[in-house]
Amino acid sequence: MNQEQLRTLLEQVREGALDVDAAMARVRHMPFEDLGFAKVDHHRELRHGMPEVILAQGKTPQQVLAIAQRLLAVSQNVLITRTNAESSAVIQKNLPGAEHFPLSGAIRFWRDKTVRGKGKIAVICAGTSDIPVAEEAQVTAEVMGNEVIAIHDIGVAGMHRLMSNRERLSEARVVVVCAGMEGALASVIGGMTGAPVVAVPTSAGYGASFGGVTALLAMLASCAAGVTVVGIDNGFGAACALVRICDQRAARA
Amino acid sequence: MNQEQLRTLLEQVREGALDVDAAMARVRHMPFEDLGFAKVDHHRELRHGMPEVILAQGKTPQQVLAIAQRLLAVSQNVLITRTNAESSAVIQKNLPGAEHFPLSGAIRFWRDKTVRGKGKIAVICAGTSDIPVAEEAQVTAEVMGNEVIAIHDIGVAGMHRLMSNRERLSEARVVVVCAGMEGALASVIGGMTGAPVVAVPTSAGYGASFGGVTALLAMLASCAAGVTVVGIDNGFGAACALVRICDQRAARA
Amino acid sequence: MNQEQLRTLLEQVREGALDVDAAMARVRHMPFEDLGFAKVDHHRELRHGMPEVILAQGKTPQQVLAIAQRLLAVSQNVLITRTNAESSAVIQKNLPGAEHFPLSGAIRFWRDKTVRGKGKIAVICAGTSDIPVAEEAQVTAEVMGNEVIAIHDIGVAGMHRLMSNRERLSEARVVVVCAGMEGALASVIGGMTGAPVVAVPTSAGYGASFGGVTALLAMLASCAAGVTVVGIDNGFGAACALVRICDQRAARA
Amino acid sequence: MNQEQLRTLLEQVREGALDVDAAMARVRHMPFEDLGFAKVDHHRELRHGMPEVILAQGKTPQQVLAIAQRLLAVSQNVLITRTNAESSAVIQKNLPGAEHFPLSGAIRFWRDKTVRGKGKIAVICAGTSDIPVAEEAQVTAEVMGNEVIAIHDIGVAGMHRLMSNRERLSEARVVVVCAGMEGALASVIGGMTGAPVVAVPTSAGYGASFGGVTALLAMLASCAAGVTVVGIDNGFGAACALVRICDQRAARA
Amino acid sequence: MNQEQLRTLLEQVREGALDVDAAMARVRHMPFEDLGFAKVDHHRELRHGMPEVILAQGKTPQQVLAIAQRLLAVSQNVLITRTNAESSAVIQKNLPGAEHFPLSGAIRFWRDKTVRGKGKIAVICAGTSDIPVAEEAQVTAEVMGNEVIAIHDIGVAGMHRLMSNRERLSEARVVVVCAGMEGALASVIGGMTGAPVVAVPTSAGYGASFGGVTALLAMLASCAAGVTVVGIDNGFGAACALVRICDQRAARA
Amino acid sequence: MNQEQLRTLLEQVREGALDVDAAMARVRHMPFEDLGFAKVDHHRELRHGMPEVILAQGKTPQQVLAIAQRLLAVSQNVLITRTNAESSAVIQKNLPGAEHFPLSGAIRFWRDKTVRGKGKIAVICAGTSDIPVAEEAQVTAEVMGNEVIAIHDIGVAGMHRLMSNRERLSEARVVVVCAGMEGALASVIGGMTGAPVVAVPTSAGYGASFGGVTALLAMLASCAAGVTVVGIDNGFGAACALVRICDQRAARA
Amino acid sequence: MNQEQLRTLLEQVREGALDVDAAMARVRHMPFEDLGFAKVDHHRELRHGMPEVILAQGKTPQQVLAIAQRLLAVSQNVLITRTNAESSAVIQKNLPGAEHFPLSGAIRFWRDKTVRGKGKIAVICAGTSDIPVAEEAQVTAEVMGNEVIAIHDIGVAGMHRLMSNRERLSEARVVVVCAGMEGALASVIGGMTGAPVVAVPTSAGYGASFGGVTALLAMLASCAAGVTVVGIDNGFGAACALVRICDQRAARA
Amino acid sequence: MNQEQLRTLLEQVREGALDVDAAMARVRHMPFEDLGFAKVDHHRELRHGMPEVILAQGKTPQQVLAIAQRLLAVSQNVLITRTNAESSAVIQKNLPGAEHFPLSGAIRFWRDKTVRGKGKIAVICAGTSDIPVAEEAQVTAEVMGNEVIAIHDIGVAGMHRLMSNRERLSEARVVVVCAGMEGALASVIGGMTGAPVVAVPTSAGYGASFGGVTALLAMLASCAAGVTVVGIDNGFGAACALVRICDQRAARA
């Protein structure tokens, strides 16, 4: 339930279109509901403008399923990140309408496709191996009501590939850059645009990439002022950061 | 020279108010000017909406002075970060109008105080020892044309201090959180607001803070989705990130 | 054999209720018994108020079984931690009365359920992924004679979930906090209560949690004075620390 | 102001011994007072049973002095930790009654010497170089109302020195162990006693002690179950942990 | 071929008991023989007093087999370390006389059991999980002609177990200590004996043992002067160090 | 398409031997071709003198196959590195002419065997376990048009093996040294020759080799001036560095 | 004494222009001369084509002076690196002809300015703070007989500065890139040129540059194949690597 | 007091040459004497064959002086390591007979120069910068009754310097190798000799030596089997290890 749904509900009560008991039934899940192993937080959307997200990693398939069922009962859009083969199968078998993204393991229930974010989000990745992370960012940004421009495989070793995508880059209000190895793409993009840039180090790479630590450090030390960073492979977190920026209520302030 | 100054200049040329030679004289420094030891980049403001900034650390006082003189000849606002006792004295003695901030070592020439950023920037710090970093962020945000709300000393160990500043926090469009030690304040603020949050780990602390590395890691691993991070003590970088967000042209997209 | 059992035995000898040979038979296992690959330490309970615990990790199932059999012959309560599928099956098949906890891999023989600890132990965890560690702590605390209050899934990103559990928290004499990611819950709990708080970093997380190292460092650097820390995922160790505190003899000092 | 002082005050109001305005004057500083650069938290003592403590490190001498003056106006006991030569001189010159401990840099105002903690606190250190950390722990524990048994220089390389202090150790209800180098003393003490043991790694050492990191890791990995750890050189934090344990109200629970 | 065998051979030549061609046939493999993928070094024994050892890890079973066959043709004793299931099966099937040690993966051909080392080698381990490393050390020391005293499971948390093995320890000329977790046993043993002590950190452990890094650092920082250290789980290397010490020719110097 | 092929093509156009449409057909793939998930960069050879290389790691077998098919349509030589069992099977089944190197996982299409590099490249490795990395370096250097001298298993612990290969080493113009463990071979080779030496740390080893990090650091800290280093196991990168050196056009400058 | 000098000397002996005693006097210092605290290695130039270099760091001024005097007696060119204020003063006072470079601390005796290296060496640095390292590289390359093209302050955040130096870059046979922060310049330059590129991470930077470690890792993980790396701030080592490449005898092979 | 002195004393008592009171006076300091801040351990020599050593680092000059005075009253030889300018001045002024070694900061009282160790100890260092560590090792070994062969400045980059010292090396029973940078000398020496080798990483170096960590890791990962390692710059510890080996009583076992 998001802010607009709450306002609508309250206006319906005021106008007599909804009686108090029915309204109570909808609202009573607030502020959260206790499943024992997890507090399902129906108010998060209300507070942050984001639909509920389930991190499947570290949970059993049954736990993921139970949480998803509760959320789908009250929420239009639900995102499950980092499923594995087992949990994605359980979800797809039991819950209709699941979009499954095998590279990143994301599962998406995207029933309300209204675009709410102001401005487009460019999701850029340096190489083919970074696509799973970019996919998680894109899936997240979309389910939260944003338009995405996806630009893949434009690493700095072939600067001309980057240059030929300049125009598409300029259409974006905000940019997420996913790169492994030395992560230099974040600095180069950060120097090319004045838009907000969030960098996501990826664990792709070899030699001295150390599972993404090298890219993480390099992005944090970027000589392009104003680039900010999230954790390794955290496409979801980067998308959330951009959703915060593009959120209309925030922009209204 | 920023975008508006360029537009004005070109319109003056078009309207005959400025002849071509005079325009040439102003523009000819572009794209950058070579001092030998440094390329002074007069166009950066034009590209990114930021005035030129000089990082004094790692430069001799004479190098800092020479670059500052060139920039002040063509730019209203100039920021020098991380001066030490020697370089700040040289600058203050030779260049009138310098505001010196001894905690952070920043020196500011703030001749055009027009507010350009859309929305206020909250600069929060967890403890007194984090103030130098918060100061660098505030000084930077202001010289780039933004209004700042400063909230100091509201660490998570005394949650009531945080709660009593809730209202001021809600006035901000974007938030920067400076904290050392375990940096938990970023997660708590990130959970309290839906606005963009940029976290700055500080080197303040002892015991197991490891010069800011602990706070850096903790902020990157924040359980509040959408918090992004810059390098240790990098108040300047955090401010630049927020300036990118609040920039009106970007907001227009 | 714990202190009370020893006192009882000696009093029986004094009163003639037990002859010396029988007493000798019970005591002669002291100080430890050599199985070749392991010294079974029957006196540990006597010295520290803790029943013997077997760490299954790094031992073969046969080694675990052999040690467990010896201990069960002389001790009411025995705890086996960190079994895997193979060793837990061997134990359950060969030894009656085993409680198996699959999330944490613990196996418990809990035949004497007397409560000996003074005050309740709150076992708190930040997210569903931290439950295995919390379970190990709870199982350990209980088998050592303590009452546990379990509070799950109250991470700092949703502060209201934490606030609504405030009362239950206040019932506890001591608190263990299990959290992964940035581990901020330890600081927040440490600031909310004056009771002893032991923090357990967990390996749950992603992005920049580095297998629990981030939470470990953050908990050690907690700005809430007096929070102490054990190793990553070491729910057992945290419980032992609290058992030391709640032990009545110590409290008597 | 601690809990007892508050109860006394309220009882005086109830009994008419104190009029409401006078009571208001004492209480109105609550919950905290804003000095601009620092929120002075007069209620901390009330919540946690600890007098206010000022960390001098990272603050200017003037900031330390200003905070100390406010606190001394309302609190019997005040502790300032980690002063340097400059700030300790400023404090000693301006505030009467300051005890200065040059090894640790602590300054103590100990006007109410009532013993409140239940049981004695043993403060043990492995070598002469660890004494500054042990001193910080002792000074802290005492100013918070506890009795301390100090045992210095009993490292594990000379086990007989440890053995000959066994009896003194057994008098303690809780133990803090300060050790650098490999920190093995924590494991040995942890194995000798069933009392709560808090280990403080110190930065003393050379060769492979890495500023205390080796001792920190070793203490966290102690094979003596139930030993807990605080940050490097954090004698203050260890003392606070023990104060939480010995606090009578908690023991009452 | 060791030094004594070479001397015998040359004396036989001098005395006419062996003709030159036969001697040539034995010696001609020197200094090493090229198998293409490996230089088989028949002279190592001659130079260092050690039989050839094959590290199976990182080699294919066929490579291990080929090298072993060459070595067995000219050498009485051969040691293969760190075989896995596949390579140990290949060796045992193809080469008679192989002793297989499944805990450590060592395979030993021990045809000449002459004791050459002066003094006994004590191989001590702290816990059951450290036995594989101790086994590798023992197998190595024996195949190189030394007598071993094995003492297992005497960690510092139960100091009495250690004390009761004091006498056996005093029989050893040199000592190897294998311990994981915090590795404190090395310091304690180092303080109890004046004999040479080589410490082997093991990867056994959990919580904060970090795969043996904690024990490695702690042993390097041991407060017992004169303890030396080899790499993690390197029982073989520790045994080689002790063999160098006990070697009679060296002792003769 | 390399520089010579481009020059030939353009000269054919100038001389009328090739009409413009045909030339266009050959050139039109430039600067790169978009497969959606990957930008296939046909110009890399032109810019750097290197044929296109596909890093199979991090790509699906189908992605690798699709890229390889495009490249083989326009390029004589193609190298695929780091295939696994699945992707190497797909490639070998679908594309004729594939040479498969199972130790390193490389697959090579080597249709133009012209030697273009000036001088021979020595590829040295310290032990049998380092051969996979040396193989990747050799395969790469050859497919890029260079002659290789391979010298295996000459680690520093047996200096005589190294000495007996001195002459072969002197034939090389440039040298690549692959070594794990402590990587000392790079320093020794660097001291023996004045030729360019590129060191490749390998992940082979145990004890304290930490997956190649030790060798990496040791090679970077080599006391032999002028040794340069690439990432762990990066035989491909080392070969590319040497190809840059031996490239005739560069040598011509 | 370099190879040519040796050949000349031997030819003079053969032709009777130099008698044997005089030749002996020149040669007898070979292979090295023992000053007690240092073996002065007059043959290094002969073996590697490099004049002797003295690393002043870690030596007393008197040690540096003594070694320099010996070397200047037999060698035309001598380089002293990393002097501090004290040692540079001692050298300049006692030895005529010293060129002092205060940014890097280098002192050069450059009496034979013959250019021996084939092709020019470009020394590039990203920012003003990297100049000391670039200076050390330039001074070294020159004293060893090479021509240097110096290009300063062309970091990736302002890509246009880089682009405008493209032509100068193309004149170089080999390139050294000095950069701190995230070191992305090495990747970008590596992608722009096919020439050999040696990257030098510098300790310049802040935030997350960690004294050059970030740049070091990023350069090792460069996505531009064939970039090699030396240690942090090691301009000397980078120059030596390039000298090895440009050396004519090597090029002749 | 060492074992021989104790035996002599007891024999004198038995033979009536010393009355019991006098004997008591000599023995009564045992097992240690309490100075408050330090337990002076007069029995260490007895247990380990080593005279008492005072680590000056981390102690005040007055503490060092007080301990030294006590020790000199009962012991012939005393060693003080790691004095600084202040503490060395205090010692030299107050205690006659002090030998001061300024490179390492050691101070030695060497009144009994009897050689007790069996066999000579070679102390080797790689470069001039490693001499302070080698000096500490030499001073220690000598004061404990051993003969030392010192060989300086024979790093692996100039292998011929090493080769020309081969004979001197062969005279040693045991060897200590001090090296910074990549520490390869330990591996090379370990391969050249079958004698016990203890490696000491030094903090000398630059580039990627990381204060000795690189050498430490490299020495631990040495491919020469049987090399053991002590902490960084720990010449004292290395000497103690060798003294344990050369001790005659141990050799007698």
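So that you can tell them apart, the chains are marked A, B, C, D, E, F, G and H in the order they are listed, and the count of residues begins at 1 in each.
Criterion: a contact is a pair of C-beta atoms (placed from the backbone, for glycine too) under 8 Å apart; a residue touches a chain by one contact, two chains touch by 3 or more.
The structure presented is a predicted model; accordingly, all values stated were derived computationally and were not measured.
**Q** What chains, if any, are shared contacts of chain C and chain H?
**A** D, E
**Q** Quick check for the class: compute each chain's Cα centroid; which one is farthest from the centroid of chain F?
**A** Result for the farthest chain: D.
**Q** Of the pairs F-H, C-D or A-C, which one shares over half of its contact pairs with E-H?
**A** C-D
**Q** Measuring between Cα centroids, which chain is at the maximum distance from chain E?
**A** Computed centres place B farthest from chain E.
**Q** Across the interfaces F-H and C-E, which one involves more C-beta pairs in contact?
**A** The greater number of contacts lies at F-H.
**Q** Could you please state the distance in Å, as a whole number, between where the Cα atoms of chain B are centred and where those of chain C are centred?
**A** Once rounded, the distance between the two centres reads 50 Å.
**Q** Counting only Cα atoms for the centres, state how far chain B is from chain E in Å.
**A** For chain B versus chain E, the centre distance works out to 61 Å.
**Q** What's the distance between the Cα centroids of chain E and chain F, rounded to whole Å?
**A** Averaging C-alpha atoms per chain gives centres 39 Å apart.
**Q** Residues of chain H touching 2+ other chains?
**A** In chain H, the residues touching two or more other chains are 127, 158, 207-209, 216, 220-221, 225, 230-231, 237.
**Q** So, with touch as defined above, which chain pairs make the list?
**A** Touching chain pairs, listed by label, come out as A-B, A-C, A-F, A-G, B-C, B-D, B-G, C-D, C-E, D-E, D-H, E-F, E-H, F-G, F-H, G-H.
**Q** Which bits of chain B are touching chain G when the two form their complex?
**A** Against chain G, chain B makes touches at 31-32, 36-39, 41, 43-44, 55, 57-59, 63, 82, 216, 230-234, 237.
**Q** For the complex, which residues does chain D have touching chain E?
**A** 126-127, 155-159, 181-184, 187-188, 190-192, 205, 207-210, 213-215, 217-225
**Q** In the complex of these two chains, what residues of chain D are touching chain H?
**A** 127-129, 131, 152-154, 158, 160-161, 164, 204-209
**Q** Touching chain E in the complex: which residues of chain H?
**A** 47-50, 53, 118-120, 171-174, 193-198, 216, 220-221, 225-231, 236-238, 240-241, 243-245, 247, 249-251, 253
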